[in-house]
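Both complexes shown next keep subunit A, but they swap its partner, so subunit B is in the first and subunit C is in the second.
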Partner chain A sequence: MIIEIDNISKQIGKQTVLDHISLELVSGRIYGLKGKNGSGKTMLMRAICGLIRLTEGEIRIDGECLRKDISFPHSVGILIESPGFLNYDSGFRNLRQLASIKGIASEERIREVIARVGLDPADPKPFRKYSMGMKQKLGIAAAIMEEPALLILDEPTNALDESSIQKLKQILQEAKEKGTLILLSCHDTEDLLKLSDEVIEIQEGRVISQWKVEQV
Partner chain B sequence: MRRKVLKIELRRAFFNRRMAASLLIGCGISILHIFHNLLRYVAQWNEMAFELKGRLEYPAHVFNHWICGNTYNLEGFLYFVILPLLAVLPHSLSFYEDRKNGYIRQVYTRSDREIYLVAKYVSVFLAGGAAVVLPLLVNLCICMTLLPGLPPQNAAGTLINASVLWYTLYEKVPILYVLLFLIIDFIFAGLVAGLPLFLSFYSERKSVILLMPFILHIFIYSVCMMTALPSAVEYAPVYFTFAGIGCPSGWLLVGYGLAYFAIGGVLYWLVGKREDVF
Partner chain C sequence: MKHKSYQGRAILRYELRQEVRCKKKQYIFPMLLALWHCILQWNRTKGSLEASLYVERFLEGMPTVIPGSMNSFLIPGDWLLFLVVLLYFNGKFAKDFTRDMGLQLLVRSESAVQFWNAKWLLCVYHVCLYYIAAYICIVGFVMISGRYGAVPSGMLDKTLWTKVGLQLVLPILAMSALCIWQLVLSYLTGFTISTLLVCTLLIVSAYFTKWYLPGNLLMKIRVQELLAEGIGIRKMVLYTFFLLAGGILAGYCRMKRMDYIP
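Up next, the complex of A and B:
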């Protein structure tokens, strides 16, 4: 998979949240977005998912123009901000319901990913009673369960303890080895360096630098 | 994929606490109507069975004594006043909630905007219609077990006359007339239930989204009541959706239907297709 981000801008009201960003992202790599709050990391992720309309420029995924040829990337797993699920259903039922849309992930696979992120697939507790960390883990499970070609994780380490971050790192490494293109953002630079191959620094909606972690 | 998203939305629409609450309120009013209005007619019938001969009074029957059969029962009027609340309660808020909690992102990226938006509208429409019509059907069924299905007589004090639609059907095949109105009520309630979908784009408050169709309903009723024309009141949905009053014009149904669909369906679709999801 190749994502070509061609001179994209996004304006909300009078504020420019993405300012002429051009990037090329290829599969089998983990890209970390670094920047302060409000720098435009999440907005860039939303743009790549096709969730927002661009004011200028275009995003091509394997040559197909987003929001023109395709509404959303064909195979994408996302965790952007708070993970959204149905409050009255258990984690497993929520994931099973979402998985039924595409019909790719089997019940066995759903159980496996829930266990993989450190949750109990048999836990009947409704989502509304989950702690912040559990919600985050379920969000990660939902993003990876269909083994997407593009994985977008916004602050995936939020509310996770150290052992869960280690598990996440393993999950991301495995996905990367399978050829998944991973884009993630993190507040913590140390976590970002641990998880990413390349870091893209964003400031006030602009890419100010892009470097490989191995070079640091 | 389209069918799967619709299935999920229908399941969410019909199996939730708000749907149960709406049905409970609706059925409560409809059962209250039985106790408050009908039992005395049943007693009257039992009494009349012994002395039918010689009485000029036309006996009470299903078609003018079920909850929508006449205008002088409090429960029937109350039911049609709160109709928008019953219709909106089951599933209309879910679009607002899906957008707020991020669930919409999960569905959008797995299916498509258009698929989700259509599935949401269809499920909201069906849930709203069902929540309003099911209690009426319960009332009709109970009335059918308690009172006889005599053909309605115009001289016996019914408001269904030549000034309303399908009055001949009412006199010839009253059950068809009643079913026709249940279908109209279903469609009207479904369209009303769709209005909050559009409001969800612009309001941050659940209470506003929930109450706006009801406020609109009361506003139209009040305007029609205040208008100098004596027949204007018939143009309020509180009345023309009421089988016992009848609908004065087919254009009224088409007009309201198109207006409500334009807001709840078309505008919702146009804004939903283009809006940024955060």
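Up next, the complex of A and C:
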């Protein structure tokens, strides 16, 4: 998968949230977005998911223009902002219902990913009784369960403890080896460096630098 | 890879299940309102009202308002309350696909058009359930109060379909069209303004007996007046179909162009 971001801009009201961004992202890499709150990280992720209409420029995914040729990427797993599920259903039931939309992930696969993120697939506890960390883990499980070609994780380390971050790193490495293109953002630079291959620094909607972690 | 229409149908199935599972409390209100209507009719007529009239008098509305008369500002409360609450619930969940589970469904749909198809079908389903909940309550009341046998034989003659049209098909169609337009407006202006706009249209309808003001098609008395004026039921049903189709078309255009952000 190749994502070509060609000089994109987005204005909301009078505010420019994305300002002439051009990037090329390729599969089998983990890209980390670095920037302050309100710098445009989440908006860039939303743009790549096809969730916003660009004021200028275009995004092509494997040559198909987003919001013109396709509405959303064909195979994408997302965790944007806080993970939200049906409050009265267990983690497993939530994911099973979500998986029924595409019909790709089997029940066995759902159990596997729930266990992989450190939750118990047999836990009958409803989602509303989950702690913040458990909710975050379930959000990650939902994003990866269909083995998407593009994985977008906004602040995936939120509310996760050190061992869970290590687990997340393993999950991302495995996905990367399978050829998944991963884009994630993090407040904590240390976590971002741990998880990413390349870091893209964003400030006031502009990309100010892009560098490989191994070079640091 | 499965076809996009498979995802569209799966989203609709999912949403229909959720409508019954988590939003079932919404349907208590029309049932309570219908029950209140039945009790009121029962008390007014001291239990002598014919069974079919319980159905016919529900949401019957009012005759054309004559400006300057005593009832200039008397809009039927039960009619307005029934519709405003339906619009409130419809508008409240209009943009639920921009966050949480809705966002996950949207992205998995792979197509904004498929998603909109599921959304407007769900809207029609919601309106049908809302009306049916109220009428089930009335029929239940009639049966329990032992007046089921009093259904006049006239209900089963050739005018039956006109009656069914008046009681259910026309109001459900007209309300579905209004709700779909409310969805489209809420994507443009947000929940509060869209709901206010549609409610204003309903209130304006109460003051002007015009067949093209959809509020009139939601009042049985007004429909009878329009029929007496020579406007056929077929014309009214066709008009609501056009209104519905226009809303669906506008929704397609809006869904393709909008930002899916809360």
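Just so we're on the same page, the second predicted complex is superposed on the first by the 216 of 216 C-alpha atoms of A that agree within 3 Å, B and C clash if a C-alpha of one lies under 4 Å from a C-alpha of the other, contacts with A are read in each partner's own complex, and residues count from 1 in each chain.
We take it that contacts are C-beta pairs under 8 Å (C-beta built on N, C-alpha and C of every residue); 3 or more make two chains touch, one makes a residue touch a chain.
Everything quoted here is computed from the prediction, not taken from an experiment.
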item: Fit or clash between subunit C and subunit B when superposed on subunit A; value: clash
item: First, second, both or neither for A:H74, with subunit B first and subunit C second; value: second
item: Subunit B versus subunit C as contact partner of A:R46, first or second or both or neither; value: both
item: Which of subunit B and subunit C A:T189 touches, first, second, both or neither; value: neither
item: Partner chain in contact with A:T55 - subunit B first, subunit C second, else both or neither; value: neither
item: Touching partner for A:Q173 - first (subunit B), second (subunit C), both, neither; value: neither
item: Contacts on subunit A seen with subunit B and repeated with subunit C across the two complexes; value: 12, 46, 49-53, 71-73, 76, 78, 80-86, 88, 97-98, 100-103, 142
item: Contact footprint of subunit B on subunit A as seen in their complex; value: 12, 46, 49-53, 71-73, 76-78, 80-88, 97-98, 100-103, 142, 146
item: For the subunit C and subunit A complex, residues of the former touching the latter; value: 1-2, 6-7, 10-11, 13-14, 18, 22, 99-101, 103-113, 115, 256-261
item: Touching residues on subunit B, where the partner in the complex is subunit A; value: 1, 4-5, 7-8, 12, 16-17, 98, 101-114, 274, 276-278
item: Touching residues on subunit A, where the partner in the complex is subunit C; value: 12, 46, 49-53, 67, 70-74, 76, 78, 80-86, 88, 94, 97-98, 100-104, 142
